[in-house]
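Structures for review follow.
Note that subunit A is present in both complexes that follow, paired respectively with subunit B and with subunit C.
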Partner chain A sequence: MSFLEGVLILTGIVAIVAQGVYVLTGLTGLFSLGQASFMAVGAYSAGIANLRFGLGFIPSLCVGVVAALLASFVVGAPSLKLKKTYFSLATIAFGYGVESVLNVSTWTGGSIGLIGVANITRVWHVAIALGLVLWVVRNFKLSRYGRACVSVRTDETAAQVYGVNAFATKQMAFSLAAALAGLGGGLYAFYLGYLSPDMFGIPVSSEYLVMVFFGGLGSQTGAFAASVLLTALMEMLRTAAEWRVILYCLIILITLMFRPTGLFGSWELSFGRRRNGSAPPDSPGALAGGARK
Partner chain B sequence: MKAAPVLVVDNVSKAFGGVRAVDSLCMDLNKGEVLGLIGPNGAGKTTVLNLISSVTRIDSGDIRINGTSTRNLPPHGVARLGIARTFQEIHLFKGLTVLENAKAAGHLSVRYSLFDGLASLPRSRREEAKIEHTCMDILRMFGLHGDAGKDASSLPYGRQKLLEIVKALVTEPSILLLDEPAAGLNTEESNELRDLVKEAQKRFSLSIIVIEHTMEFIASISDRVVVMNFGKKLVEGTWDEVRCDPEVLRCYLGED
Partner chain C sequence: MLFQQIVNGISVGSMYALLAVGFSLVYNILGIANFSHGAMIALGAFFSYWIARYLAVPVPVAILASIAFTGLSSALVELVTLRILRKRGQGSLYFFIASLTVFNLVTAVLVYISRGNIVSYPRAFLSGTFTIGNLYIPWIDAGMLLISIVCLAVLSYVMFKTRFGLAVRAASFSIKAAQLMGMDIDAIIQGVFFVSGTLAGVTGALLGVKYAVYPYIGNFVYMALFACVVGGLGNLTGAVLGGLLIGLLETLVSAYISSAISPALTFAFLVVILLLRPQGLAGRATEEKI
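Take a look at the complex of A and B:
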């Protein structure tokens, strides 16, 4: 596989996971530091399904998505009824929990990792998956469920008075985001062929937040563009990997200073048909807003 | 024989710390009537609306909507029983346009599954077209259709207040609770609002509870008035009956 193919596959996978973060953070206003851990759940489940149970590519991917979905209910059910801050804390706990389990479990290969997953993922797989995800997330945004997410984000009390079940709406957004992370994780497992626990730590989760924030919390197009831009950039700068964190910090600072609504604000790319974009959560307070109830 | 009331507040109490905000309150709302709820500041009027819409939980007593107790229902469950309300302060969804605000409020009137929505199946497109039509229709009734595409928070205050009522109506309620709808409006706007509320009441056959401090508003719209003071019901009757009541005069004007 050529270097370019590798970059394209990786970029596509990151873009898929970032779409989930857009639904969760951009639309619903929840901050999760566990998205990479849902990727891990998806990746390991798909990898194990393939390696230990001999399932094929597509069935294994499905196993990964379902596993991530189940995990989202386990994390969401107790924490989403609390204030948003406690939900974020629960996702951090989940992140550490997943990493610890993967490190000690012999079944997942421990800290050495899971080795020998089939090398199947190709560019066209990722392209199809990404196209489908972009379409589905766009539909979600424009549906009554997407509007429910936005109303819960902007005024939870009012949303409930209009008949929106705030808890169920948050759980739905969280599960959708987890499913997309699980899908991304599965594709990742079949691309690399091996998995190790340190690929999916909390720093990786926070990178996804940075991407969506950079692209503009109110814009699906922004989440897509930023994830593609930043991943491609990082892959080009592979040799200077240790500068990654510093670069991300700089991106946040510069965005906050010069364009607090993110690159795209609430602007959406449209193809002829009218598209009503919802304005972004009132950034720059948006990051702090997640902590507010 | 008199029909059963659509809303029954049955011996309801609510305390915040040591303050008895609502104290053993009993009142009914009959079908198709406008009930004015008045009283001095801090009398517990807004708390009553919060209790009815389950935004605040009741301590004791019961509230029944068409016979169904709301004691253990969350706010969204009460909304499903056909209750809609506005708030004293503006509660618009910031960043959304006027039309999007209305559509978001119409959550319960749009019926399709998550799968329909994710795949944009015909059912979801049909329902979306329908709710957009309904919203535009009610926006037109309130003279807001020209602002449909504008950012809701860019509207002047009076029109934001109207939009709040539009949003409540989009939920297709049978009971409407209005918390100081005319506060901050001038006389002309207030009269316009009164006429619109009356029109909406007739068109959607609503039963309404309205809290207001503008007595002209209450006098001209209410079929019946309940006066509250210190969480208790002071008197109840038509406007002409209660306005001469010595107890009411005392609580508004003080001891003589």
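Take a look at the complex of A and C:
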């Protein structure tokens, strides 16, 4: 596999997970620091299904997605009833829990990791998956469920007054994000061929969150562009390994300070049909205003 | 054995309590988690190590100097991120992301400088143990407990007996009202960041002495977070209580079950607390939180 192929696959996987974060944070206004842990759940489940039960590529990926979905219900049921800050804290705790279980369990290979997963993922697999994900997320955003998410983000009480089930809406966004993270994780497992717990820590989750912010909270295009740009940047700087995280953080801080709406704000790439009108109102300013004390 | 572990847990817990209090102070005013607290922990550990090592001063002096440094760094972070965001009218949510990035940035810089090495102090400080009955107590544990008690006493004096403390409490109640009463809210917020930075600095330096100095030491900030939630976010007494409880739980689980599984059990404990008492152990139920 050539270097370019590797970069493309990695970029695609990051973009898939980032789309999930967009749904959760951009649309619904929930901050999760557990997305990488859902990725871990998906990756490890797919890897174990392949390694220990001999399932094929596609069935293993499905196992990974289903496992991440189940985990999202287990985590979401208690934590989504809470205020948003508390929810974020619960996802951090979830991240810690997953990492420690992965480190201890002999089934997942402990701290050494899961070694010997088949090396299957190719660029076209990731391209198809990414295309599907972009299509699903775009339609989700424009559907009544997407609008329900936006209404929960801007004012939860008002949304409930208008008959939106806030808890169900948040759970739906959370599960969709988890499923996408699980899919990304599965593809990642079959790309690398081995997994270790420290690939999926809280810092990784925070990178995804920051990535979506960088692209512009209100914009699906922004989330996609940011994941491509930042992953490509990280890979190009691979020779200067020690500097790249520093540079990455600085770029994000500078963007945040001087262009707080992110690269794209709430601008969307559109293909003509929906140019005027029915897109849901979207402004990151409303998000910040809703949460200001 | 059990008492031994309890003593150990209380001293670790007292460190978490200090962290949680510093974290809570900022949360009270801004209503948002300040992750640059983790950066201050790491800076505290590294500053005091560097000062002790390269300036060859006694460790306590190094720790004192590093506390001043972290306080100033914390105020500086406030000045270059939060201040600008607030002046532009951006919400505290943006600061949440900024503080997370500051944390990642500082960790990355420290990884770069230390080349990922784990180092310990050149000279022994508070090493060895003393005995009470049949309990063996490491001096560092006793020192940590003592120092945190002193810090908390000073903090409660500042919070409840000084003008600054009164201003902070007023601003925590409502920033807008405090501004209308003619308070300089920028100065108050900066002061709170300074105080919270010094608390993180003390803890970082002491944790560095007890364990070792390494770039990821800032991850202790998550323990502070858990402690805050367990005790009730934005409640200073609760933060102390939560810190002690988390420290005890962690130590006991590590001693009797397994040290690797203790984060998972801490998570389970947190979920139970959130389900049964979302307002925390010491918090009062309010409309805003549940």
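Definition applied: the second predicted complex is superposed on the first by the 271 of 293 C-alpha atoms of A that agree within 3 Å, B and C clash if a C-alpha of one lies under 4 Å from a C-alpha of the other, contacts with A are read in each partner's own complex, and residues count from 1 in each chain.
Quick note on the criterion: a residue touches a chain if its C-beta (ideal position, glycine included) is under 8 Å from a C-beta of that chain, and two chains touch if they have at least 3 such contacts.
All of these numbers come straight from a predicted model, not from anything done at the bench.
> Both complexes share subunit A, so when I overlay them there, do subunit B and subunit C fit or clash?
Once subunit A is superposed (C-alpha atoms), there is room for both subunit B and subunit C without a clash.
> Examine A:Ser266 and indicate which partner it touches, taking first as subunit B and second as subunit C; both and neither are also allowed.
So A:Ser266 only meets subunit B here.
> Is A:Thr154 contacted by the first partner subunit B, the second partner subunit C, both or neither?
first
> Who touches more of subunit A, subunit B or subunit C?
C
> Can A:Met172 be said to touch subunit B (first), subunit C (second), both, or neither?
Only subunit B; A:Met172 stays clear of subunit C.
> One more residue to check, A:Ser143. First (subunit B), second (subunit C), both or neither?
Only subunit B is touched by A:Ser143; subunit C is not.
> Scan A:Tyr162 for contacts with subunit B and subunit C and give back first, second, both or neither.
The first partner, subunit B, only.
> Can you pull out the angle centred on subunit A between the C-alpha centres of subunit B and subunit C, to the nearest 10°?
90
> Quick check on the superposed pair: does A:Met257 touch subunit B, subunit C, both, or neither? Answer first, second, both or neither.
second
> For A:Cys249, using the defined touch cut-off, is the partner it touches subunit B, subunit C, both, or neither? Pick first, second, both or neither.
A:Cys249: touches subunit C, not subunit B.
> After superposing the two complexes, find the smallest distance in angstrom between C-alpha atoms of subunit B and C-alpha atoms of subunit C.
10
> Name the residues of subunit A shared by its contacts with subunit B and its contacts with subunit C.
Shared contact residues on subunit A: none.
> Using the touch rule from the top, collect the residues of subunit A that touch subunit C in their complex.
31, 78-79, 81-83, 85-86, 88-90, 92-94, 96-97, 99-101, 103-104, 202-203, 206-207, 209-210, 213, 242-243, 245-246, 249-250, 252-253, 256-257, 260, 287-289, 291-293
> Within the complex, which stretch of subunit B touches subunit A?
Subunit B reaches subunit A through residues 53, 55, 74-76, 79-80, 84-85, 87, 91-97, 99-100, 103-108, 110, 112, 114, 116-120, 124, 127-128, 131, 151, 167, 171.
> Enumerate the contact residues on subunit C facing subunit A in the complex.
30-33, 80-81, 84-85, 88, 90-94, 96-98, 100-102, 104-105, 107-109, 111-112, 175, 219, 222, 225-226, 229, 233, 258, 260-264, 266-268, 270-271, 274-275, 278, 288-290
> Residues of subunit A touching subunit B in their complex?
Checking each residue of subunit A against subunit B gives 136, 139-140, 142-148, 150-151, 154-155, 157-166, 172, 218, 266, 276, 278-282.
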